[in-house]
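Take a look at the structures below.
Look at the two complexes coming up: chain A is in both, with chain B in one and chain C in the other.
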Partner chain A sequence: MGNRVAIVGIGQTYHKSARKDVNQQEMVGEAVRAALADAQMKAKDVEAVFTSNMETFEGLFLPDHLMADEIAAYMKPGLKVATGGTSGASVVEEGFHFVASGLFDTALVIGFEKQDTGDTTAAITAAVTPVWGKGVATGAIGEFAKQALTYMERSGAKEEHAAMVRLKADKGACRNPYAHLKLGLKSIKEVLDSGYLVWPLRLLDFCPQSCGACALILASESRAKKITKKPVWIADVVTVHQEPFRAGSFGDPTGTEEYSQDIAAERLYKRNGITNPMKDICMAEIYEPSNWEEMSHYEHYHFCEKGEGWKLVEKGITEMEGAFPVNPSGGVIATNPIGGTPTIRVAEAALQVRGDAGEHQVTRDVHTAVATALGGPNWTVMTLLRRSL
Partner chain B sequence: MAELTADRVERLKDADVFIYHGKIYIPASYTAGAVGSRFLIEMRDNKKIMGTRCVACDLVYVPARSVCKHCFAQLDKWVEVSDRGTLQTYTVAGQANGVQPVDPPIIYGVVLLDGASTGLVHMISGVDFEKLAVGMRVKAVFAEKRVGSILDIKYFAPL
Partner chain C sequence: MTERVGIVAVAQTKYSPNRADANEGELVYEAVRQVLQETGLKFAQDGSGIDATVTCSQDFWDGRTISSCNVMSYVGHHHSDEDKVAEDSLNAVYTAFARILSGHQDVILVATHCKESQGDKRGIENAAMDPIFLRVLGLDFLSAAALQARRYMYKYGITPEQCARVVVKNRGNAKRNPLAQEPMEITVEDVLGSQVLASPIRQLDSKPTSDGACAMILAREGKAKKLARKPIWILGASNCYETNYLGDRDLAECDALVTAAKKAYKMAGIKDVMNQVNVAEISEEYSYQELLWMEGLGFCQRGEAGRLLDSGVTQMGGQLPVNPSGGMLAGNPTVVAGMARAAEAVLQLRGEAGEHQAEGAKKALVHGFTGACGQLQGVMILGN
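The block that comes next holds the complex of A and B.
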């Protein structure tokens, strides 16, 4: 194992469908300044800067090159990461690896997306193989619609359960000052009355396109203790790749093959002495592009037995006040600046560990939390955070 | 390995090889931003070239920037710089290309405007190629119909 690494600064922008008031660089700068302010650090105290973004989504090539000044990267080392939907978690992992290696004592990691600029679906359809993928790929919504149908058939979950997940997310989002969609939903009927995007996914079943950014400052053990009284330790990060992007499907949409989430969870838990995730971990921020996906992921991350994810919802276990809160921030279904979405999962989980999540702080004490990311050909990144190591 | 590769190339010569012809179309509308918008509006409405000053580093960025790359200060002090300046370097493009705003040959130059600390990339026109020289003095020629684009300056001409 390498050196210990802590999150010592957390910053994010407010999220909206459009930010016409700022360009991409200015928007990302807002998150960077928020993270520096949180850590009470100056730009010159950051040794290296790492970024993540899905650059074709904005129709801009090498967007990180346009913002060296705004992200305090001028004359510093750093890289940009793009691993699909997981990019914003991969960039945290990258900063973690560099600081753990001892090469840097501090690193700034940033995930961002300004989705009022380009055409996300057009860019996603460019990610399939031209050999047999063109013309049959549908972008993200179609893919998660297949996953939703599979989950429904396999587990016996009803649309009402998906609507309950949506209601839970909105409750969190309405308490989270940085969340994008704050709908004030009162009943599951409102969700069930929203029209179909791609059957069986309804408008309110799926994540929005957001503009926003999230920045974290990572530090080595000796530096972390000088910077903050409340370091959040990155105990471990696990990445599992699946396979090439099939035409219009993330991994296996039929539910009959191996899932990267299962493998990642097994690896992470084994390496960190977690025998009962629901007991040993206190809460999770998971990457759920749809409410159906959230229930399915409960199972793949071993929060419950297979086919029982919807029962956690029914019992209210994953509510903010529940025994195992999931996505008290409102999650991806409320806020989705894609390159920054997984960075926000880590940031929100870290805020819960610090006890600094404010109105959406969960009821139970959080000493251990997990953040997940999903993307590309069903890749999975899991980040385990602890209050003490 | 080399043999394997050679073998594959030989076999491919005789095989049917499929090529997928595609075109990626990604529409994009880019927000100029808080600083970029003001820079363009001043140019369009007032034929002014604006920069932002970093007082601590004693620098004037042209085009205007929101942050000083050296000290990370947010720049809110706007200054108008001269429409005259000095050619710092240049090149001549002779080959036509779809993204060029005018027909070639095009002289691309970096102009350090009087009062600015950073050079502005633009086109130079109205000069014989033989007379082009680093250090020559040039002046902005504004377009009559300005729309809020860097091409509201048509080109820089020799003084």
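The block that comes next holds the complex of A and C.
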């Protein structure tokens, strides 16, 4: 096997619906400088730069070229990946491979999106096949409304449970200095009173469009130990992609689909000796575009039995102080710069492992954490982090 | 010592000005099917087959967000690891190389496609320009290339005739490559008499609109030796970014290419590229680029590439034939071009390039680039 790889620097921008004060490259530069400061490194110490976003969301072709100076890529190797919602995790995976390969000892990996300059829903609609898909495509909201209905039907979860997920997320977001929507919600009634986007999905059931970026610095074992006293090791990454236009891209009305989450979880746990995910893993940062998807994901990541995800919410198990905290950062439902969203999941999980999450640090000690990504026609990437290998 | 990484199978479609008969997936499958049949490999999660797929395409060119959705059903990664690398496909080969060196994966399918016939080249390339200062000028990669050609020719005394001779050579080489799109028997006068697109670049200094796909399978040494009779090894690889703003660069120079080449040569133990490399496949979207990139790659001193070309060294039968395939000028799509170069180099090193075979090739240089005036440059050294 190749070199072990650790996260040694973490940087995020704050998040807003619009960042009129900066252009895309200046915004991404904020995250890069924050990551370099966190690692106490200079731009010249980074050997290679890997980027990810969805170019059609901003209408900017080759964004990595435009921002080469701001991301410290001048006269350095690097490349860009784009896999839809999973982009920001795919870029972590490539950084992980490149550093493990020995080609580089340090690498900067960046996920970003500046959605105030484009039309994301139009671009998502353009992800389907142009011949027979475009007439029926609805962007993300329609897909996740279908998912919510399917989950409700299958598990018996009620709208109140989805609202409880939002309350939990908002509590985290309010404590997270980088989160976008900090609503200060007091009761589930406020969520249940928000209007429907597409029934049964309400405004407060769904993620926002954010502008923001997240940068991580990865280093090989020998370099990592010189850079930081608290390296967070990337133990493994599993990607499960599949072809589009299966019956249940998000939420399977037929009940016959295999979920990419199940397959990814099985593979990750088997390869890493995880027999009881709720015990062997201490917390999770998962990619939940909607409150309903979070409950479904608990089941598909094997945190509980099928049909019981909403019970974890009811019992408060996934609260910040609970036995298995999920998304103490506030999650995607509070902050969603799409290309950066999965990178933030990894970053937030790493902060928890380091014990550096500040006010949203979970109560239990976190030696192992998992970060997930969701995208495309139901694609999954899982990243397993550990305090020691 | 880590095992080497080998290329065990390559396939390209015939390059064509308009493949209206095939969608992106059908196009890429023509190449993917060949490498699957050649190796007999299947997709597997237990280490018995292909572990992962790296695809390469551009959302802008496909007109589709998540352009890998276009090919997902055709490149076989049902419930397995896939990543889509953007920009020039040599980056995708580089990625697969790193994945195998990491020890995480053993066998990887790399597949790339682009249908330029469906895209608005000027509109797409203009979208790469700074939206506030440069887009409004209507700048695209052609007009940027014209600025670069002008500056390069002025600074180093490169003549339009020398640029035209690149076209005559490459379009001529293409006559012996059955997959080439537009082989041509032409003269320097034909090139210089063709329509001006953006001075000094003329129609024949430029590549034609092209559709096509390329696929490749890479494997770690132990498996590569079992999978292929003649595995071709990646001996060195690197790439490098230039700064973006054209006004911040001396366009007669190509520092990113110099840096990428240095790193790739060091990895491959190349000290004297002219004597240690036997054949080169260089991405030249415009004729001047072959000369400028040759200088960046260290084939000669700065400003000497025209004379090197004139001496016949880079002709078929010369000491270092450049683009026996006909290169990009004979017709390759952007995105696909870098991997097409690598596939051609593999054929050369296997001695299976047929009529466009360069004699006794043992080491080959592969080059790819992306962006205005070659902002991201990639170099790979292959050996048999």
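Here is the rule we go by: the second predicted complex is superposed on the first by the 378 of 389 C-alpha atoms of A that agree within 3 Å, B and C clash if a C-alpha of one lies under 4 Å from a C-alpha of the other, contacts with A are read in each partner's own complex, and residues count from 1 in each chain.
By definition in this document, contacts are C-beta pairs under 8 Å (C-beta built on N, C-alpha and C of every residue); 3 or more make two chains touch, one makes a residue touch a chain.
This structure is a prediction, so every number in the text was calculated from the model and none was measured.
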| item | value |
| --- | --- |
| Touching partner for A:21 - first (chain B), second (chain C), both, neither | first |
| Touched partner set for A:93, first chain B, second chain C, both or neither | second |
| First (chain B), second (chain C), both or neither touched by A:29 | first |
| First (chain B), second (chain C), both or neither touched by A:43 | first |
| Chain B versus chain C as contact partner of A:79, first or second or both or neither | second |
| Which of chain B and chain C A:56 touches, first, second, both or neither | both |
| Which of chain B and chain C A:118 touches, first, second, both or neither | first |
| Touching partner for A:126 - first (chain B), second (chain C), both, neither | both |
| First (chain B), second (chain C), both or neither touched by A:376 | second |
| Greater residue coverage of chain A in the superposed arrangement, chain B or chain C | C |
| Common ground on chain A, meaning residues reached by chain C in one complex and by chain B in the other | 23, 56, 59-60, 68-69, 74, 117, 123, 126, 130-131 |
| Complex interface listing, chain C residues touching chain A | 2, 23, 45, 52, 58-60, 63-70, 72-73, 77-87, 91, 94-95, 97-105, 124-125, 127-128, 130-132, 238-244, 255-256, 259-260, 263, 370-372, 375-376 |
| Residues of chain A defined as touching chain B within the complex | 19-26, 29, 42-44, 56, 58-60, 68-70, 72, 74, 114, 116-119, 122-123, 126, 130-131, 134 |
| Residues of chain B that touch chain A when the two form their complex | 18, 20, 22, 24-36, 65-72 |
| Touch list for chain A against partner chain C, complex | 1-3, 23, 49, 54-57, 59-62, 64-69, 73-84, 90, 93-94, 96-98, 100-103, 117, 123-124, 126-131, 238-244, 258, 260, 263, 267, 375-377 |
